[in-house]
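First chain A sits with chain B, and in the next complex the same chain sits with chain C.
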Partner chain A sequence: MKNPFHRPLSAFWLASSAIALIVAVILPAVLLPFHLRVLQQIFLFGGMAIAWGFLGGFTTYWSFGHTAFIGLGAFSSALFEQWLGPAIAPELRLACGLLIAVVITFAVAILIALPILKLRGVYFAIGMLAFAEILGEASRNFDIFQGAIGVSLPAVSLPGVSSVSLFYWLFLMLFVVNSLIFIALRRSRIGMGLICIGQDEDTANMLGVPAERHKRIAFVLSACMISIGGVLYAHSLGFITTGSVFRVEHSLDMIVFNMLGGIGTVIGPALGTAIMVFVTQIVLGRLLDYHLMLTGVILIAIVSLAPAGLIGLVESRYRRRRSTQIGTAL
Partner chain B sequence: MNGALLVQTAIDGLILGGIFSISAVGFSLVFGVLGIVNLAHGMFVLLGAYAALVLKHQFGIDPFFSLLPSFIVLFLIGLLLETSLLSGAVRRGSLMTTLLITFGASLILKDLVVLLIGPDIHTLDSTWTLPTVHVGSVVIDGNRATGLIASLVLLAVLSIVLAKFKIGRAIRATAQETFAASLCGVDSRRIYALTFAVSAGFAGASGVIVGIINPFSPTDDAFWTLNAFVTVVLGGIGNPLGSLVGGLLLGQISTFSSQYVGSVFPNIFMFCALLLMLIWRPHGLLGSSFRGSV
Partner chain C sequence: MSSILSVRSLNRNFGGLRAIHDLSFELQRGAITSIVGPNGAGKSTLFNMFTGYLRPTSGQILFNNKSIVGLPPHLICGRGIARAFQIAKPFPQLSVEKNIWVAAEFGASGYRDPAAVVEHAIETCRLLPWRHAEASSLSVGTLRRLELACAMAARPTLLLADEPCAGLNETETREVTDVLLEIKAAGVTVLLVEHDMKAVRRISGRVIVIEAGRKIADGPPSDVLSNQVVIDAYLGSAA
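Moving on to the complex of A and B:
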């Protein structure tokens, strides 16, 4: 066996995910636009929550400022596409925008990773928060970034496909790609190293895990995927300002979704996103005033009652029941 | 460079710094003693201002005399929060848990303020303030000077309590070495609850001063939490002197950057200062952290 730490993916698991994917792809044919929009949000923010977990899921480097990369991606693509001008087809501009956003985010993430990954725990969290604030303030206050007045993005469309369905598929694609990256990462040597770093960084370092490099790879990868999410999100909005993409709420949502579902898993953030989006959009659709309070209550309840998230809750039940049959964990 | 403008900027920075200091001292104490970052701190500051607002509108009490009532109200809220939700997480030593719990609490409190009082911007006008003084072409605003003096007095009171009183010694001992302190008969759980409550109380009192000087609204809490964090990182964790140094420095950074670079820059400069300090000297300028923090 190549990797003795992980069981191979079971046929049942592969088959059920394939069926789920096929169902998800054909859903736009049967659903109402409103429900499709709710699903859009689940896939977009769920995908970003998974990307947040590339670093935060394995280690204690919990970024409180990942919205910086949403904003970075959104603004770099929007400004570049504006510069390209309307002569070029919107779809081509979207592709160029994606490319330039990834390049810029990659460069910025590498630069910021060097100093900020030296910080640990809460200092990293607040450092990222400050980084996001600096970018947000810069985009709002420097006229060349047009953050205060806003930037329009070209309307992307494919013949015969409504824009709701188009973005549904784009977000679904992002979600699937991020999930695959997460699974590949967790089963790779880097993922193993990251888990060791999460348990005890100094010991991991001492035992020869290249902690700095692993952390940097996870951080930059996470930043780039979030940035792609930001580009798609900006195009689905059609018009962005600093206030719509550099939001502390976005950073926070990624953490809440992960906490709610179960941190360090791929189903956890997806489940967390689905529950929170469902609760806030459908159940509380008419009670927007209580939105913040409810988020706070759910956050405190999860953290106090189920620190490992819903997945962790289910797993511990399951394990307790089977503990008589299995001698060793793994 | 214009001399009077320079002096004026320095004085404005001093006054602003005084407010930053007093609003951060509670945050610093909790960080030093309980080892947690209280993300609800900014909300505590605002709640202090709102307590004074309610007292003023319901009973006609001048905000200047609401310092003590605000302190007491926030002391009780802090005590309740610590004993009900936080103490378990603090004992488990889970930093992220406390971060999320305090953030959740701040969201709930913010929503409560919006629902009960409203999202509008308010101000507190006090008639018990010093007159505005003109020295040459330099203006010293009476309201702000009163705020600065009140801040310094409160900081001095806290320093004396921490340095001279038995309870202060217990708090400092718990901060330095919790286990050894409990062996010497200090009830660390009680000290934790008390420290959190006192820090919330000071946040409440500072909120009154903030309200006298600046307009405030329920969405300002992130600003005050971040300011407290920057102040603590600049000055050092856990003692009032560190907060004073950090706050005054932050005030100067803020006013000088807005005066000489541009009015949109103070936040950018503040956060850059935060990032640079975190990277170079995470223990603060005074280097007086109680615990290994990095």
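Moving on to the complex of A and C:
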């Protein structure tokens, strides 16, 4: 008997992922900058939506405040790199900024995890929302953080590579790393524990799952990867204010992308992000006023028609077809 | 041989209510012992303290001669106490197999090969036809056996069974008690809380009667269940 929690990684999926990755890597050579920017957004926000799922994908601990970690990463790196000064090469400053952002986010996430993971369900969601608000307000109102006036970031570049392509590759890398972390997590003991916590936390505890520890690991890991996303995002913007990185929309997007595609998977949030970014950037590119309204309509449609997302919809169709086949065979 | 569980002058108050009142007993290794008593006598409170969900107000609980008071539930599970609930609480959207696997994987710390344990639990608890079924689709009797299977797969040395026969018909009751006997035969000590006196008589070697948090009788089922104090307090004169 094999571990029933391990889904076999099919050769088909591995091969198609590898091909997709190769295609994605060489795309900057053929695409127009505008289309590259659209793909940039898909990889950046898709990667972050996947990182949101480290905790929210397996359990009902749905964070409504993950923008806190985008902002935390962005401001930690921006202020540290400003302090380092222009004498140091921008690329080295980015590396230092990444390091410091991860260290700070790690510390903050561990501290906040203790009280906030004691809250369940909607209380956790609201707690995270408040946490993000507090950090945002702090960055805006304390002068040392310069959130109100804004902070500039060094312009990172590589010889012979356009800035659009460079950030495209960085975001792609983040996306791939987060996907791999998610898959590794799902196949690990921690992932198994998290799935159980999502089903019934008390029973999980009863059967010996160290629920507190597993939740904390997933939360901190998620926070750190989001923070890295925040650092890269800030550098791609070149200039950040509180309003650009501490945005409720960022938090909501991570949830909407997951819900649209299918929570608890890698493909789900990636697909959800791709659809939403495509629709809002390309289809509605000239109708920005309708953007938020459309997000609302899509959200209502998913919740009522496909609560398990598009992946869930496809899976249940497939299962129904298979079960009727078995039915006729019997 | 030393006792596996030792309860010493245990007290638990809820506000002004004394749910458990100076309770002491020792549990013999390898036997099935039943705790009976009217609803509200403190049986569930007792189980909640044994599994770390409630802290005693005072007194000691020793498991294998070590205190377990104040330990969190997952560590107590790791030491070897498992519990099957009266109202079965499986992971609803996971299959029977997965439910049991989790218990095997996390139950006893440091265990490396859950597969054999899972197979054994599925067979002993007669769950083979349902192994791929979602837990939420099971009937009450099957669910109760799934609870026992999970508790077994955690490889406990002490199993706390909380009214495993409540609401079951005679056939189902017999199936559950058979499973309990097999668990005992495998060397596991069983502490049973049950209202079904037929089941209690059939499988337990010793009965402890509690009422309003106090022990009022303790001994072999034939003696205890004909004891006048027990009949007045719990069974009723018609029994």
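As a convention for this text, the second predicted complex is superposed on the first by the 318 of 330 C-alpha atoms of A that agree within 3 Å, B and C clash if a C-alpha of one lies under 4 Å from a C-alpha of the other, contacts with A are read in each partner's own complex, and residues count from 1 in each chain.
The rule is short, and it goes like this: contacts are C-beta pairs under 8 Å (C-beta built on N, C-alpha and C of every residue); 3 or more make two chains touch, one makes a residue touch a chain.
What you are looking at is a predicted structure, and each value in this text was computed from that prediction instead of being measured.
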Partner chain in contact with A:Leu252 - chain B first, chain C second, else both or neither: first
Partner chain in contact with A:Thr295 - chain B first, chain C second, else both or neither: first
Partner chain in contact with A:Met206 - chain B first, chain C second, else both or neither: second
First (chain B), second (chain C), both or neither touched by A:Cys196: second
Partner touching more residues of chain A, whether chain B or chain C: B
First (chain B), second (chain C), both or neither touched by A:Trp83: neither
Partner chain(s) touched by A:Phe34 [first = chain B, second = chain C, both, neither]: neither
List of chain A residues in touch with chain B within their complex: 60, 62, 115-116, 118-123, 125-127, 129-131, 133-134, 137-138, 140-141, 248, 252, 255, 259, 289-293, 295-300, 303-304, 307
Touching residues on chain B, where the partner in the complex is chain A: 37, 85, 88-89, 94-97, 99-101, 103-108, 110-112, 114-115, 222, 226, 229, 264-265, 267-268, 271-272, 274-275, 278-279, 282, 293-294
Residue ranges of chain A in contact with chain C within the complex: 1-5, 189, 192-193, 195-196, 199-200, 202-211
Complex contacts: residues of chain C adjacent to chain A: 51, 72-74, 77-78, 82-83, 89-95, 97-98, 101-103, 105-109, 114-115, 118-119, 150, 154
